[in-house]
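Heads up, the next two complexes both have chain A, just with different partners, chain B and then chain C.
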Partner chain A sequence: MRTDADAAVSVHRTPRRLGRDKLLLLLGLPGGLALILFHYVPLLGNVIAFQDYQPYLGILESSWTGLTNFSFLVDGNPEFINALINTLVLTLIQTVLVFPVPLVLALLLNSLAGERLKRLLQSVLYLPHFLSWVIVVALFQQMLGNAGMLNTFLVQHDLPIIHIIGVPELFKALITSQAIWKDAGWGTIIFLAALSRIDQELYEASAVDGASGWQRLWNITLPSLRGLFILLLILRLGSSLSVGFEQIILQQGPVGRDASEVLDTWVYNNGILGGNWGMSTAVGLVKGVVGVFLVIGANKLAHVFGERGVYEK
Partner chain B sequence: MPAYTFDRRTLLAGVGGAALIAGVGSLSACSKSSDSGKNTATANSAVKLPTYIAYTGVKPDLPGTEQGVDPAFRNYPKDRPKSVEETPGNGETLSGMANIYYAVPPGPSKNSYWAGLNKRLGLTLDLQMVGNADYTQKFATTIAGNDLPDMLQMQVVANFPALLEKRFTKLDEYLAGDAIKDYPNLANIPTRTWKSAVYNGALYGIPIPRGAIGAYHFIRQDLFEAAGLSPEPKSYDELVETGKALTDRKKRRWAYGLINQPRQLLGRMNGEPNSWRNEGGKLTNTYETEEYKQTITDLIAMWKSGVIHPDAFNPAQPFKQLFNAGTVAINAADGYPGWTQYILDNASNPNFKLGLMPSYKRDGSGLAHWAYGSGVYSITGLKKQDDPEKIKLILRVLNYLAAPFGTEEHMYRLYGQEGVDHTVNSEGNPSLTKVGTANTVLPIRYLADAPYAIYQPGRPQDADTQHDYQSLEIPTGISNPTVGLFSNAAATKNPTADKNFTDAINEIIQGRKPFSTMDDLIKTWKSAAGDEMRKEYEEQLQKAATPR
Partner chain C sequence: MTTLEQATIGETTERRTIPGSKRPIWMEKPSAVVQVLKFIALAVSVLLVIIPFWSVIATSIADQKTINDSGGGMVMWPKGITFEAYRAIVTGGVVTRALLISIGITVVGTLLSLAATAGLAYWLSRPRAWGAKPMLTLVLGAVLFGPGLIPTYLTVKEFHLLDTYASLILPVLVNAFNVIVMRAFFQELPAELFESAAIDGASTATILFKIVLPLSKAVMAVIGLFYAVAYWNAFFNAMLYIQSTDKWPMALVLRTYVVNQTTIGGDQVAAGTEALPPQLSLQMAILVVAIVPILVVYPFLQKHFAKGVMIGAVKG
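Our next item is the complex of A and B:
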């Protein structure tokens, strides 16, 4: 148990430790200032969620509107509800299908024996991450679009064309596959780093004991990655209601809004286009609060199951 | 999914935070001003507009008309009179912000054109050039940050009159009536365009004039000729047949590109109003008319027949490139300055032949009415200044930039320095060099500009083609009765309501929603924005003797 005497010693030690670590503190100072300036000070701007904010009037002169900007939460607006449902469905799909893909890919890459092949594959898989969504969407359009390469080939061979892009029923599958293609390779980095830290002697010992490859994966590799996997999953929950703005808005035209409207595009279409900054911020604020609760809740759940989570108890 | 999102952090960092950090308290203390307070039809119609004094120093080969046909020049005039005698500045620095459609050119230290322009202006021009797609957001954050340049290409946003009153300069004492004679190139800007700069009973900007014609129906004349088709389909049935004859999916060719293009063409053919129809002060929007329903019915049939590009509902479709590539044969609604760009883009294609298609009534009984453009690209606002001399300096600079076609200043503004930015042929026509193509695209043309003149370097026949087309179509034209009026609902509520409406209409055209839902869509649009817009416009129309 920590006593008053311990606390007194700690207080006495603090200035000494500050003096000892002053170089480190100085090095960290610019980063800390940037964090405060660009991540915490802007949080104060959340007040515009309670205002009829006009940029030329600023926060001080814009009129206060109370909770009017949050009316979307209770007024049963069918477009908002449609956007919310689409967002939740996409969140679920992406959590179940997109999130584990980098892990699987990392395991496959890790199982490759040839180092050169492994590096080549890694480079190829990383590449799409550096392309903007505009390029990725254009590539898919050129390949799979109604006038794209695939359909041009089919038409030229008198075969029926296949509608992939611009079909509302396939929209969620399309954007999910685009997300996997673009970022799954990049997501393997952190898992490959974790894999490289697993003690090789465990594998050797299990091999000597006659464990098969599958058993080694199940009993050594996956348990070693479990903490990291849960950590990333919890962090992901924090932004789970942001399912991709640019990717969706670029492809919204052909499929219509019933199938493609999500919270981010709803905010853009209803708030930003009409200069309704207050409402846009209100939606952002709600998303942020929901994200915080999800992270805290998931972290507590992780503790219940004996994991460390994002932070310890 | 690690995608860019318009989330809380981005929004707040970009706007709320910026506003907070930039010191929102710097504004003078007063309550939020009401739009309806000063921006009344009575006050606005009382504004004395600048006197129009046409520039007569250069004579066109084909004259313009009062109705709106632009003057045309077959060759660039060899005599290039100076329209600005004195250097506007005296070593000052002026800042400006405008949008740009090209790659941003090098700065003055690496751009002899820009350096030369600074020298001619007698000052340093400090320009922020913002990509066209990002301009709306950049404009909002510039206003929010209160970091205004001296000259700013304006965007009509929510509560625009109040914004002008707070942050921008009233220009009446400098420009109203005969005061504009101090700036003769600005006096050459047509009177009708100045109405777009009137708010709160005052003049608040310099209009960037555009022609009455607005947009052309461009066609790939070479593709029409190859298919043995007339470039003048004289009825709906002929238009449909023409579209079918031009379409060959195996050759990756379709008659139309973006869905909105045949929509506009059919709208004219069916007799839709130009956005609003004014009957004795009562306004009816296009969406509410039977003609619009006919257009959508026609579009459904067109879409089913396969003559429209399959990706026509994707607003990001590169329709200009498709037209250049011959993938699309009719570019049915593109800005008329596009003529020059299409010619330049296809300079290396000897088969490329650009044409213009007249639009006929549905039954073929005559030309369909043309829908006039607003006549203004945008207005340039001048930041509030303490020193009236600074305002006069800015106006002298804008006067220089508005130099009319054929003058020495206009030649430099568009083509730069001979031997570096352009070469001149024996007829006196300039041709941009590679250096000039990159250097001369400064967006100063969106801060001030002269009235448009038809001219295509080295292609005298193009002047005749365009002039003939304008002469044919302009007499049939109808105006949008709301041009020059301000509706706050149009600036705030309509962008969303209109997008909801057109997105749903697109679903009807594609067969995903029944045609019968149109009435509900119109009702929804009316209650979301349409009725309020109508009310605001009608009040102004009824109170003012003439639209301002």
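Our next item is the complex of A and C:
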């Protein structure tokens, strides 16, 4: 290990620093290389958005087409518009319905006095987060499908069965409830941590002043969580054009693409399955860029309203 | 990132409680109505999680008669219990092979990912290390924007990794977010530790293996388990990159035989099985087998949640 003195001497002598840090570099290289090869090399691969990419010609030989692939932005390609609308509708539903559930659940858990019961409930509620979408989708089919538990029960009691899985009209509701089932419990972690950091003296003082439980919730708890809430909302905005990719791909078959296609599945279906490489890459690229801008923009907005946002000004 | 850490990681404020009660002194006992409503809300949430697991397990061990009695559907209480379905899927055939492949990918992938992530994070965490600054920029950039589905697919294809197990490991070898979490952990180790070790003449390697790694067990466990869960669950990459059915991991078997309800025939399960167990039991047994490894590691993962995982919570 170097001392400050020899660091000062060697700071501009690359060969000596290389010698000194060779073990560090050796340790870091595999990870760094993997990141460059599978993140930054593909990032460069986005140039095929400006090409008429032909797999057998490769990136170097394929012809350049300028912005032709981006024509979907102006010519109103109906499939693309459909995917865009589905994406936005799902994002809106999920932001309104899915996003607040962890907060409510966290407040409920936090109001429990018994630590052990709280821990036990948390353990159960976190669990679905660790299951893959394949498992979650399979579980939902077995519970709500035509031969699922709900309908088995209804049949046994001579009631008509309810079609929930594979019905286009209910697809968005299904996707949303799956998202809640899988991640609502996990989402409580961050709220519980924030709740535990609220100064207890505030509650004591307000109790002395005669505030009721609801007043404390409204005037102390919720305002204390505002910054975190906004932070999470901004992060969510950044991924608002990517909703439930694996989840939807798995369930797209029975409901059809009209009801279920989102931007991510459109890119997959048209690019990898349809061989429409250039245009699909262009959609993916626009989606990514818009996502980054949404985060930056939302963060600016947060600053305007005096919140801290994801990063400082 | 700083706001996030400040918002979430920190000491729990001390709670003064009423002697002989668990309640903080400011909290009066809630009214009976509120108590009951809270209890119902929480009980419903927990049951919604538990019931699916329970009925999947129950159906996987139910015999043909129980399933017929329930009209061919899911079972809550198996009257006749048989483990035939499990015997059929773990004694050879497609499911057994997929299980072994998934275990192999998870073990190898997790070890490689952990080594690569820790190595990269350690390099980036040392002050004034050669090349660490530009590399850190690349890592942060990778968190902010992804390269997109099609370019990634084409890269894997160009590297001739399609239809190899490597395609399930190399593209996801390092998760940039995990690198940042681990780097933050390494940076928080006290500088005096490094200084005194250096004065005692310890080499970089000695410091790493004798001091840093033994102190990093908790973060290694959490990040390692995150990687393990990701490898075990990996579905989309497998669907994208693996073409031969004999290389299918569990996720693809699950999709085909459980989600898509493809019938499992005699040649998909062990050779020499005379009478197949009920189709539904077979499917549920496959589902159980895919879930069990997660249930097994889950308790170990649990105790580390509170500390280092908070940042990860936002990611997911």
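Criterion: the second predicted complex is superposed on the first by the 264 of 313 C-alpha atoms of A that agree within 3 Å, B and C clash if a C-alpha of one lies under 4 Å from a C-alpha of the other, contacts with A are read in each partner's own complex, and residues count from 1 in each chain.
Quick note on the criterion: contacts are C-beta pairs under 8 Å (C-beta built on N, C-alpha and C of every residue); 3 or more make two chains touch, one makes a residue touch a chain.
Computed from a predicted structure; not experimentally measured.
Legend: residue contacts after superposition of the two complexes on their common chain; A:S280 is shown touching both chain B and chain C. In the superposed model, A:G253 makes contact with both chain B and chain C.
Looking at the shared chain after the overlay, A:P168 reaches chain B, while chain C stays out of its contact range. Touch criterion met: A:S239 reaches chain B, while chain C stays clear of it.
In the superposition on chain A, A:I272 makes contact with both chain B and chain C. In the superposed model, C is the one of chain B and chain C that contacts more residues of chain A. After overlaying the two complexes on the shared chain, residue contacts for A:G288 are found with chain B and with chain C alike. In the superposition on chain A, the residues of chain A contacted by chain B and by chain C overlap at 37-39, 41-46, 48, 55, 58-59, 133-134, 137-138, 141, 147, 151-152, 155-156, 183, 186, 245-246, 250-251, 253, 264, 267-268, 272, 277, 280-281, 284-285, 287-288. The residues of chain A lying in touch with chain C in their complex are 1-3, 7, 11, 14, 17-18, 20-21, 23-32, 34-46, 48, 55, 58-59, 105, 108-109, 111-115, 121, 123-135, 137-143, 147-149, 151-152, 155-156, 181, 183-187, 189-190, 193-194, 196-200, 203-204, 206-208, 213, 227-228, 231-232, 235, 245-246, 249-251, 253, 264, 267-268, 271-272, 277, 280-281, 284-285, 287-288, 291-292, 295, 308-312.
Taken in their complex, chain A has these residues touching chain B: 37-39, 41-48, 52-63, 79, 94, 98, 133-134, 137-138, 141, 145-147, 151-152, 155-156, 165-166, 168, 179, 183, 186, 239, 242-247, 250-254, 256-258, 264, 267-270, 272-277, 280-281, 284-285, 287-288.
Those residues of chain C whose C-beta lies close enough to touch chain A in the complex are 1-4, 7-10, 12-16, 21-28, 30, 38, 41-42, 45-46, 48-53, 55-56, 59, 70-74, 76, 115-124, 126, 128-132, 135, 138-139, 142, 144-159, 170-174, 176, 179, 194-195, 197-198, 202-205, 207-208, 229, 232-236, 239-240, 251, 254-255, 258-260, 280, 284, 287, 290-291, 294-295, 298, 301-302, 305-306, 309-310, 313-314, 316.
If you check the complex, the residues on chain B that touch chain A are 1-9, 11-13, 15-17, 19-21, 24-27, 29-32, 137, 140-141, 143-144, 146, 157-159, 162-163, 166-167, 249-250, 252, 254, 309-311, 313-316, 327, 491-496, 499-500, 503-504, 506-507, 510, 512.
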